[in-house]
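Each of the next two complexes has chain A plus one other chain: chain B in the first, chain C in the second.
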Partner chain A sequence: MKNKISALSIPRTTLDILLGTTLVVAFTALILLIADAPVLAAFKNICLGAFSSTSKVSQVLSVWVPLVLCSCGLLYSFRVHLWNIGIEGQIAMGAVAAMAALRIPGPHNPTFILTLAFFASMLGGALWGLLAGLLKTRGGVHEIFGGLGLNFVAQGFILWLIFGPWKRPGIASMSGTELLSFDLWLSTPTGWRVASIGLIIAVLVILLSWLILVKSRFGLKLTAIGQNPRAARLYSLMPERYYLKAIAIAGACAGLAGFLQVTGVYHRLIPSISSGYGYLALLVVMLAGYRIILLPFLALFFAALNVGAIQLPIVLQLDSSLSGVIQGCCVLSALFVLGIRQKRKQS
Partner chain B sequence: MMGDISLPILIASVLAASAPLIIIALGETLTEKSGVINLSLEGVVLFSAMAAFVAAKVTDSLLLGFLAGGCAGMLTGIIVGYFSVYLHLSQVAVGFALSLLCRDLAYFLGNPYSRVPGPGLLTTKVPFHEALPSSLQIIFTQPLTVWFAILLIGALYYFFTFSKAGLNLRSVGENPEASFARGLNPSKIQMIAVLAGSFLVGIGGAAYSLSLKPGWGRPQGAEGIGWICLALVIFGGWNPCRVALGAMLFAFLQVSGIGLQDLFPGVPAQVFQTAPFPLMIFTLIFMHYSIRKNRTQGHTPNPLKQFVQNLLMARAPKALGKSYKQE
Partner chain C sequence: MDVEFRHISKKFGSVTALTDINLTVRSGTIHGLIGENGAGKSTLMKILTGYQSKSDGTILIDGRETQLNTPKEAASSGIGMLYQEPMDFTPLTVLENFSLGNPGRDRSALRLSLKTLSSRFGFSLDPNRCVDSLTVGERQQIELLRLIHCKTGVLILDEPTTGISPAQKETLFPTLKQLAAEGITILLVSHKLEEVASLCSEVTVLRQGSVSHNASAPFHFAELLDAMFGSIPEQKDKDAPRATGAVSLQMENVVATGERLGLRHCNINCAEGEVIGLAGLDGAGQSTFLRLAAGLANPNRGRVKLFGEELLHNSHACRQAQRLQTSFIPANRLEEALFADLSLSDHFSLRDKQDSFWQAKKNRREQVKKAIRTFNIKGEACNVAGELSGGNQQRLLLALLEPDSRLLLLENPTRGLDIRSGQWVWNHLRRKLSQKTTILFSSPELDEILHFSDRILVFHDGEIVLDCSVSETSHGSIAAAMTGATPQ
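Showing the complex of A and B:
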């Protein structure tokens, strides 16, 4: 893991990582002290909550899958220096598209309809990403604001669907649409909480992204455009076209996460179908330094924090948002260390 | 359309609902005018709302509550400022990470105080209350935050347009190198703008938990406001008056959501709350095309078009989001 950061000497890098970790632990401990909570017990409970049983590990994996899918997608858009904050909406629209395919009336072969939903979700996410991309390249709307706007539009759209055309027979409610029929659920090993096909998809997407981003010509082009769009133009690479391609791929990955949330986790469309995984994935990618090698491990770490914190309210009467505090703090500490390092290099 | 809600009550509730929005959006305007974009609004609003409520509850003083809110905002401003102005890190990355951190910090630290009754700012009557006609009485009976917000619009407008300090701040936001050559210290000015802006954001957050939606909880009711205010700053074209108008328009949409729901049955109220975002996107597209057209065609002959264009024309501070490194 460490020898990837080869540009710097190992001891200094180790020192930096140590400094970052110390900052995170110290800050979290401080927050726990302010909240008048037992520091060690809180850390211990998070670990237990994430890894103490197979069912819990599988729950961690069920968070890991969408997180990895989204962060892999984000790698493409970050390559061309696009801040695809609209990933949250892309998950949602992927889920909507998948749901639309699953709701096609009439008797069908479940495998066929699930395959259809799989591709529909990729298309839905990609189109929503493309919209943000087009707003950027054609409309002059910065991708952050376009993406944020589209996130809220997607959220509004889902609410409208749940309360309008797709409402439950009888009463519409915030708890979502009707459950899918059982044959449309992705199969889950007994005692586990994660669909096996989801894990396979996630691993495949990691490998494929590594191939595309690190080994392929397309990845090289993306990197070139990200580094210097003007120079890329001289090599007859049209930055706009690659912006759109990158953000569409990001959207497709996010859409897949939406598909898995619908068919593998919730088995229906709920208002918060994206569960904030898009935003969390942004943090993962930033912490990974936009490198794919570290990404699966950091995603696992973040997923473990998320799941481990679930039992904090029951055991220690603490709010489960402690996981978010630690995650945010990790990224800020990493940024801080990076800033210090840059400053040191200059002087 | 509004059913049995009378016009004065509608105006009064729009004013009340827009006050925190105005304060937060103007705080962000101040920061962005200096060329720094503070993306952490969403979390900071919640964090300062929590700090303000807890402080007011513990000390039983509203003034201290508001101060605590402002200071909580400023504390986050120190991080944004130090990271982006002095360490030259990506302002977007810092702001985004801080936003999520502050939100969860607010939920975590505020947990023991959630759904606890606490002090809240009451409405005050203006002087000569009795002499006013009854409709104005309704409109003018507002919490102090409303008057603060309205004063702030004028103060910021004056500051940007007529004061030397405001000119310096704007020049740093447009061209820090040239400002440096003119003897200004861009980093210092940006830092001050970030701190002052985030102090205002903190006050705005306090206005939520102490006045508009008194109390703390998960959800508090101020969720999403930070993102909306970021949108409002752009919608308002970095002009304090227009930003405030945008905030009032949004407050109107929020307040009349119930009325609109009668008009479109089956559409949940939350859908109307997303309205500012498409509006913001349209404004940005319009800005883009009108600037481009001006460049290619010189002038537009149609006076109505010209008027609309002037109304919607806006230009972001040129150095917005770019990190300035002193040579």
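Showing the complex of A and C:
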């Protein structure tokens, strides 16, 4: 029976993804038509912008890495049915914690400092996630509102750091803090724009999350609590505890993304250090139907779209907000597909 | 308006809820409809109010066959229902609630009607007050006035005295009599025999989906109780009472919220080895009692002790109770005890105390297979719990029980099981588990309680009104205590 169901549900998931993608393309085409822009040329440029050269592919990968990390993190919180919208703030606080470690004065071994920043970022993200979790479990604040509020706090905190204690010597600017010394940059292969260690971390996090979520008892417990927290109490499980654990893990993953943004991409702390990858990751996870197997591929699709759309204003003189519009379409399509899936489940 | 049910039947899938109901309610009378939980009262009323369709039969209103397929059709035929929990809109004012469903839109006219109707029945309602600041009794009054204003000819009252004070009851009863005298047909659905006796001129008793008795005033309680709960069954091979030991569960002056009226002034000691049946109508306090003992609810006042240890007054009480080898099986299996989309083996994995990192283990697979065989569960280890039938879900829960439980709390353990499965469950509980285990169970079936327990606690409106050994009591006195009537 179960085999029958899973055999049926795989093509259905594929169908959902196909439907979602078609909707995104159709919506975008419609908007391009309204904007009086050449539709095919625009799509061609998005593809070219994402895959036409090694450098561009590497740029896509540099978006893929934080997207995958955040999406993996979100899988944990979604397992217990928590909407960890605070993931943006968790990336930011991970970046702040990493930066704090990197700014420790005195001559140090770069590897040691980078390792320290690595763990500090996870701790920073986890603590920020935990805060949203505690607001929920202790204060009864819904995680969406708590998370959103904490995102603003984190953003404000970064601005304060950039214009206050961590400002560049002489002048504070929106372009961020002073660049890190070169030995604190994560090494990137020549001609590439993504740190190889970042790719390795992303792949490891995917594998580890698969093991934990699919194969371990901890993953089973998260699933059980997400499905029926009332019943979970009869199995000696305290739902509140697992809410905190799940959101802290999500925060740690997001914090790691923050670490890679600081040490691998921008080499400094900038106001928009999270680049909206947290919100994008929410979409990736939803569109993937909360399955880790599909997650890397959908993250790649979104990363390519994100990078490819940058090409549009340069080549076709289209407004740069178009990529935002496409992402908006993705949100709507994802919600639409999820709505259909929900309805099907209920019937 | 006369209402006549002719050969009404209702089936939910393969389950028959109502069989061939014939019932006539005459215009201008108050007709009582009584029966134990699950007797079919609500289903019959839902059919009359258009919330559920009938499988067979006809409904005649004033001698004409009437289609009541939607609540709207029922309302336009002049059928209105006053629900146990007021179905009103709490953020709106009294006047706004009163105006709902009324054809007129003129506020001043509505205000006048409300005022006239209120004074006629002696209610004092401020039209501008918000409904959420009113008592349940006052909210019922608004609803009643609204229904009268909507020209309701058939008024159905579902347990109208639940949650209202005796003083409010004294206002409500004369009002109902007055309404009946004015020609409105009133159907009173109730558990409380004394109320039915004081209000109704005729009573119909439902039992297991059929009409078991019709009577006109004056009523004989013994007759009605007999019709409600069935005659005393012959008790074959009832197990001898078990030897009792030290105190296992103790409640001292416990006051708690939950269900309709929560639990009040609860003082009780249960000993090891006792099998205690908790009788009472639905929502009389048994569920709250069991949840308090399981640590799933905390008392507002008083103390709950398990094996001499006081339970914490927080969410950790549940784990503490489990540490003290207490197990609880709720009646709503899928809502409260099982995970619909997890497999049987996942359930065993979750129950497993050994904290290994991995889920699947070879010996666990064997353990699950063995449990499926032993407990005769019709399903495989990979089936999800939601796919199992109610009976098999119950077997799964029994299979998941800690074998060395010292206190077993069961809410309606044979719910949805056929007789044979029910016997199998009891055989397992009484004979396979340790003789020192204390078993507390609630059941809507009085026969089950009388047959399987050594001691009985009867709950009525949140209080334990009878505590005695099975050998010292009778079917009649338990049934009377359940309905709040004075034992005869």
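Just so it is clear, the second predicted complex is superposed on the first by the 303 of 347 C-alpha atoms of A that agree within 3 Å, B and C clash if a C-alpha of one lies under 4 Å from a C-alpha of the other, contacts with A are read in each partner's own complex, and residues count from 1 in each chain.
The definition used in the following text is that contacts are C-beta pairs under 8 Å (C-beta built on N, C-alpha and C of every residue); 3 or more make two chains touch, one makes a residue touch a chain.
None of the values given here were measured: they were computed from a predicted structure.
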Partner chain(s) touched by A:298 [first = chain B, second = chain C, both, neither]: neither
First (chain B), second (chain C), both or neither touched by A:228: second
Partner chain(s) touched by A:34 [first = chain B, second = chain C, both, neither]: first
Touching partner for A:238 - first (chain B), second (chain C), both, neither: second
Partner chain in contact with A:329 - chain B first, chain C second, else both or neither: first
Of chain B and chain C, the chain that contacts the larger number of chain A residues: B
First (chain B), second (chain C), both or neither touched by A:205: neither
Residues of chain A that touch chain B when the two form their complex: 31, 34-35, 83, 85, 135, 139-142, 144-146, 148-150, 152-153, 155-156, 159-160, 163-164, 279-280, 282-283, 286, 318-319, 321-325, 327-329, 331-332, 335-336, 338-340, 342-343
Complex contact set, residues of chain A against chain C: 1-2, 215-221, 223-224, 227-228, 230-231, 233-238, 240
Chain C to chain A touching residues, read off their complex: 296, 315-316, 318-319, 322, 328, 330, 335-343, 346, 349-351, 355-360, 382-384, 387
Footprint of chain A on chain B - complex, ascending: 39, 79, 83, 87-89, 92-94, 96-98, 100-105, 107-109, 111-112, 218, 224, 227, 230-231, 234, 266-268, 270-271, 273-274, 277-278, 280-281, 284-285, 287-289, 292
